Amino acid sequence: MSFEPKIVGFLCNWCSYTGADLAGTSRIHYAPNVRIIRVMCTARIDPTFVLKALTDGADGVLICGCHPGDCHYSEGNYKMMRRYPLLKSILAEFGIEPARVRLEWVSASEGQRFADIVNDMTQRVRELGPSPVRTALVQDMAER
Amino acid sequence: MADKLQIALYWGAACGGCDVSVLDTNEFILDVAAVADIRLWPIAVDGKYKDLEAMEDGELDLAIFNGAVRNSENEHIAKLLRRKSKLMLAYGACAYMGGIPGLANLTTREKIFETAYLKNPSIEWGNGVVPQPESGINGKTIDLPRFYRRVYRLSSVVDVDYFLPGCPPQPDQVKGALLAVVKGELPPKGSVVGAFEHALCEDCPRTKNEKKIKQFYRPWQVACDPDTCLLEQGVLCAGVATRSGCGVRCPKSGIPCRGCYGPAAGVVDQGAKLASAIASIVDSKDPEEIEGILAGLPDFISFAYRYGVPASLLQRSYRQ
Amino acid sequence: MEEHKIGVYVCMCGTNIAKMVDCDDVVRTASEQPGVVCAKTYKYMCSNPGQEMIVADIKEQGLDRVVVAACSPRMHEPTFRKALQTAGINPYFLEMANIREQCSWVHDDRQVATEKARALTLGATRRVANHQPLERMSVEMCPDVLVIGGGVCGLTAALELADGGNRVHLVERASTLGGNVARVDLTAPYLDSARDLMTALVTRVEEHKKVDVLTRSQVSSLEGFVGNFVATVETIWGDSASVSQFKVGNVIVATGYKEFDASRVTHYGYGKLPNVITSFEFEKMLRAGRVQTKEGKLPQYVAIIHCVGSRSKEFHTYCSRVCCMTALKYAQEVKSAVPSCYVSDVYIDMHAFGKGHEDFYRRGSEAKTLFLMYGKNDHPVIRKAGPGDDCEMLIEVNEKLSGEVIEIPADLVILMVGMEAREDSEAVARLVNISRDKDGWFIESHPKLDPVATTTDGIYIAGACAAPKDIPDSVAQARAAAGRILARTIRGVIDIDAVFAEVTEDKCSGCRVCNELCPYSAITYDADKKKSSVISALCKACGACVAGCPSGAIAARHFTDAQIFAQIEGVLA
Amino acid sequence: MAIRVNPKLIDELAVYGAEDVQNCYHCGNCSAVCPFSKEPYIFPRRPMRNLQMGLEDKLKGSLEPWLCYYCGECTEECPRGAEPGETMMSLRRWLTAKYDFSGISRLFYRSGKIELLAVIGAALLTALGFVLWAVWQGGSIHSYDGPNAFLPAGSIHIFDWVLAGVLLVLLLTNCTRMWWFTMGRDKTLNASVGLYLKKLYALPLHFMTQKRYAKCEKKRPWAVHLVLMLSYLIMLVLIMFFLVEMSASTIDWRLHVFGYIATVGLLGTTIFALRGRIKKSEPLYAHSHETDWIFLILLIVVAFTGILQHILHRAGLDAAANVVYIIHLMGVVPMLALEVPFSKWSHLAYRPLGMYFSLVRAEAKRRASEEAAQPVMVTQRVVG
C-alpha cells in the first residue's frame, strides 16, 4: 500500500474552519490525510506549533486563514503572513522540504477551494515521502 | 574528610570558558576548596578516569558537567559521573542546550571531517587521513572515542538534576548555585538555577517603545542610540526571548543579546519563539516587502538557535 | 498534571456519521485513553435524551471533562456547553471533535474515515484534559457619552443622544460651536441658508439640559475601556486653564476636517495674485453680500477652478466630494449677484452623484456657466493679463473636450480647496486609540458594514473626520453613531467573553513586542511596573499577542499552548 | 499659442437662434446619429463646443454648418435639449452674416423688423417705379400686352437682366469671402487648382440633386426641399430667357407646361413649409427665425400673384392683370434684391459651395498626411 501522509491543519475559526465545514455540508469529497486543529486566528499560530507537529510525526502542516484584508480581526492573517517566510527559512536550514509546510487563504465560502488545496497538498507530500524527522531522531538514539 | 563536599568538574565538548568561569569566582574558589574536595577537574587538578571509576556509586555530592556531548568519551564520562554523583549539574549553555558546538547539528559529520581533515587549507594536502574509531599500529589497536553523528545536550544522555545556563555562566550565579548546594537549600529537581524566570528585557536599562520594524541592520551598520531598545532600532537582539540572569552584559555594552541563557521559563523552542516575535513586528502587509525586510536577517537560524540547536524541537538538520 | 475523569461521546447523527465512521471503534480507542472513564455512542447526541445522558453521566460518574465527537463545534458547541452547565460543571470543560463536516461527509472510504475520526477524537480527548474553568463576566456600561467636536456632526450626535436621555459632554476646541458649516453661506443643491440650519442646531444644544458644552476645550487624556472611560478635558479661560474630569461609556469622534492650504499649489499664484481666492474666502464675500474684486470692482469674468489639492498625485489622490456642487452653487450665486458676469467652471470631472445634484448641474449649465475640462495629470496656470485685455487675469488650460489649448479671461478666480485630515488627527487618534489611513483619515471597523464603529470598542467616528463628506452624510453618520450607543447603553451592562488573552505579570519582561500586535488596542503598558497587560473587555481573543510574545508570558484562555500541544499529540498519536 | 475664450459669443449667437447651446455637455450623441458627421468634419458636437467657448475665428472658418441639412435627428437624440440642429441652423445664419461684406445681412438677422421694413420699402419703391415708368412710356392700364402694353415684356426682361447682374456681383463677392474664410487664409492648407477642378463636379451635382440630403433618415424634408428648389430653378430659367413668350397671349404648351409645373411645385412646397412652421411638425420647423417667415411669405406671395395675373390676363381682364402684375413685382424684386445676397436665399449658393470646399479640403489634408508618411528619398550627387 502506498504511503499515506499525516498532515496537521491549523485553521482559523472564522474563514477557513467555516470553509472546511462548508465543504462538508456541500459533501465535497477530499483526501482524508489532514487532521484539523481549530484556532481563533492564524495570528495565534506560533511557529512552535508547526515544529511540534513535525517532531510528533506529521509529514506536513497546512495553515489556512482569511484572505488578506478579510481577517475577522482585521489584521491577524498579516501576522502569520510575516512569520511564514521566516519559518520556511528555518525549516530549510533544518533540511526539511519547504513543500511540507504550506500557508493558504481560504474564505468561509470557499469549500471547494479548501478541498482542492487539501488534495493538492496531500499529493505533493505523498510524493515527498515520509517526513525524515521522526525516524532520524530514533536512529540518533540507536547510534549510542 | 567525609564531612567535606565531594565535587567533580568535567568538560565535554566545550571551549573551556566554563572552567575559566569557575575560576572567575576569584577568592570564592578558595572558600569552596575549604568546604569541598575537588575529586576530578581535568583543567585544574590532577585526576584520572580510573580514580573516578574506582569511586563508589553516589560517592560524589555534586558533578559539574560543562560542555555538550559530541562523542562516546563525553557520553561515557557523563554516565560515569551520573552514577558516582548524588547531584548532576549541567553547567553552561553547552551542557544545558548543546551550545555553540550544537550548531554542528545543522551540518553532517561527513562535512565536518571533510572541512577539518581533508579540505582545510592549513593542513598537508592529499594524505586524506581521517580519525578512525579503531586503527592498528604494529599489531596493536588504538581506539579513539567515536565521533557521534550529532551533538547532544547533557540531559538527552543522562538524567540531570539542575541546569545552570550561560556562555559562560556569570560568576555570581555560580557562587549562588554552589552556596545553595553547600547550604543544602536545593530547588526542585530539574529546575534552572542561577537565572530568572523572565526574559532579559526586564533587567535591560534601555527604554522600550511599541515596536514596528521596516528594516533590519547588522550591529556594525548603525550607530544605535545607547538608551533605547536595540530591537526597535532594527538590530536583531535575542533578549526578548532569552532568560535573564547574565546581568544584561551585552546590551549594556551596546551588543545585542545572543541568547546564551536559553529560552525564558516555559518556552519550548527559543528559536521558534524569537522568529514568531520578530516577524510579527515587521511593518508591512505586502508579501514581497515582507520577504525583503526579512532578507535583512541573513542566516537567521544560526542566530535564533546559536546556543540551542540540540535543545530545539527539531534538534538537528535532516539534510540527506 | 492532576487526573481527570473524561467522558467521550461519539454521535452517529442518525446515519450521517455512522454510515461512514465506525463509531463503536472510535469509542473503543477513546476508552483506552488515560483519564477516560466512560465512552459511548448515541444516535443523536444533540437531542434531549442525548444531552440528558451526558448530564446524568457527569452527575453519577463525576465526570469533570467531556468530549463530544459529532458535528462542527460552530453548530452545537453552545448546546453541549449548556448541558455541562446544567450538570453543574464548568461549560468550558467541553471539547468537540468535528467528525461529520470534516470527516464522514467528505470521505468515501469507511476505514480511513474511521481512522481520521479516531485521531480527531483523540486530539480532543488529550486537549480537554488541559481545559481550565472559565467564567464569563460583565461590566457595567456608563450611559454618559463624550462627543469630540462641535460641528454639524457633533451637534447632531449630541442632540440625538441627549434626547435619548443620555448625558452628553460636548467638547469643542474653538470658542464657538458650528464648525466649518457655520462658515458657509448657502448650501447646495437646494440653496437654503447654512446659517439658519446651524443657529437652530446650536441653540437647541446650548439649551438642552442633558448636554454640557465645553468650548475652548480639548480632551487631554482618555483612560479605561468601553463602558468605563475616564476623560480629562482642559478648558482655556483667557490665560488660565481649568481641568475637568468625568466618566463616559462611549466616545464619538466628530473632529471634522480642515480645508486644503491653497498656497501649497504654486501655479495658481494664490497669495501673489490678489484676486485669486479660496472657496472659504468667497463664502465670506457671499455672507457679506458683496461679490467684487479686491479693487472693489464688479467682476466681469469669474473663473472657478476645481480639485485644488484633490485628485492629484502631488497632494491628495482622493476626491473631496463637496467641491463640485459648491462650485455650481457659486456659479449661480455669482450670476444672481452680478447678472452681467460670465462664469467659467474649470473642472476635471463633474461629480454630481447625490440627490438633486444632477438637476443642480443642469441648472448651472442653463445659466450659461461655461464648463471647461482639464486633464487629471495637468493643471490650469493663472497669469496676470496684459494692458490690452479686458480682464485681470488669464487662465491657460489644455481643454479636453475641445482638445484646444485655451486661455480664459478672469477678474476673480475661486479655488475649490479640498478637504484634508486635521493636523491634530494623529494626536486624536493616539488619544482615543484608533488608527488612521495613509491620508490621515480615521479608519472605520468595516468600510461598508460597520462605517461608524472603530476597532476600539466604545469609540465611534462620524462625519468628515473619517473621509470627506457633505452635510447630509455627516448628519446621517452622527445619528448612526448615536443610535449605536443608545442601543448599547440601554442594557446598562456589557458582557465580556470568557475567552481572552492574559498576561502572567511576573513572566512579562516589558519588551513591548505585543503592544503593536493588538488590533483592538487592548494591550496597555504600565511604564512604572514595566509590564504590559491585556484589558479583557477589549480583547477579542485572536491570540496574535500570545504567539507574538517571545517569552511566553501571555496565555490565550481556552487556546493555551498546552491545550494545542496536547491536541497535536492527540491527532498524531 | 493659446486661443482666447470669448464667453460673450454665446449671447451673440442666441440672437441668431442658438438659445440652448449652453445645455450641451458633450456626450456626443448628436454627432453619433448624424449621417454626415465623420472625420474630418465632426458635428454638431465640435462646432457647438467652439460656440460655447466662443472660438469665433474657428467658427468663421468652419464648413460643418453647410454640411448639415437639419433633419433634426440630433435634436431628438440630445439628452439635454441643447438643440444641436437649431444651433447648426443658427450658425448658418451667423456665417451668412459674416460672409456678407455689406453688413446688411447682419442687420437683417439681428432684427426681423429691419428686414421687414426693408422688404416693404423695396416693394413700395418697385411699385412706384414701375407705375411712373409705365405712365411715362405711355402704356395703358387696360392693355396687358401688344403695342401699348402697360408693362412691356421686352423692357421688363431687360430690367430682369440688369437686376440679375447686380445680384450676381453681390453674391459672388460674398462667396469669395466665404472661400477666403474657409479655405484661402488657411496657410496649412495647400489645395492645388487641379484639386479644385477635380472636385468641381460636386457643385452642380449636389446643387441639382441635393444628393446628400437624401442620405438623411427622414426622406420627406429632402423631397420637399428638392421640389421647391427645382421649381424655383425652372421659374428662374423661364423668367430669364422666355419672359416674352411667357407673357404672350398665345399659350405655347411646350413652354407653359413647365411654368405650370414649377408654379404648382412652388405653391405646394411653400404651403407645406408654412403649415409645418405653424404646427412645428418637424424639429426643423420647431424654431422659426423672422427671416424664415419673411422668406416663405415672399415666396408664396410671388407664386400666388404670378398665377393670378396669368389667369386674369388670359381671362381678358387686362387692367386687373396689370395691377396684380405690379403686386407680383413688389414681391419679386425685394425677394431677389434682399434675399439673394443678404438672407436665407443665399444658402442656395453657400451650401453647395461649402460641400465642394469640404471635399477639396479633406482631400488636400489626406494628401498632406500621406506625403508626411512617405519616406524622404535622398539622391546623392556624384562628384566626378
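As written, the chains take the letters A, B, C and D, and residue 1 is the first residue of each chain.
Throughout what follows, a residue touches a chain if its C-beta (ideal position, glycine included) is under 8 Å from a C-beta of that chain, and two chains touch if they have at least 3 such contacts.
For clarity, every value in this text was computed on a predicted model and none was experimentally measured.
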Contact-richer chain pair (by C-beta pairs counted) among A-C and C-D: A-C
Approximate Å spacing (C-alpha centroids) for the pair chain A, chain B: 33
Distance from chain D to chain C - Cα centre to Cα centre, in angstrom: 70
Centre distance in Å when chain B and chain D are each reduced to the mean of their C-alpha atoms: 108
Sites on chain B at which at least two other chains make contact: 268, 273, 276, 278, 280
Interface hub residues of chain A, defined as touching at least two other chains: 46, 48, 52, 75, 79, 83
Chain-level touch network, classified as line, ring, star, complete or other: other
Pairs of chains found to touch, sorted by chain label: A-B, A-C, B-C, C-D
Footprint of chain D on chain C - complex, ascending: 301, 342, 344, 350, 362, 365-372, 394, 396, 399, 401-402, 404-409
Contact set on chain A toward chain C in their complex: 4, 6, 8, 13, 17-18, 20-21, 23-25, 27-30, 32, 35-41, 43-46, 48-49, 52-53, 56-58, 72-76, 79, 83, 115
Chain B residues touching chain C - in the complex, by the definition given at the top: 197-202, 208-212, 229, 231, 239-241, 244, 263-268, 273-274, 276-278, 280-281
Contacting residues of chain D [partner chain C, same complex]: 1-5, 7-8, 10-11, 22-26, 46, 49-50, 52-53, 55, 80
Residues of chain A that touch chain B when the two form their complex: 46-48, 50-52, 54-55, 68, 75, 78-79, 81-87, 89-90, 93-96, 132-133, 136-137, 139-140, 143-144
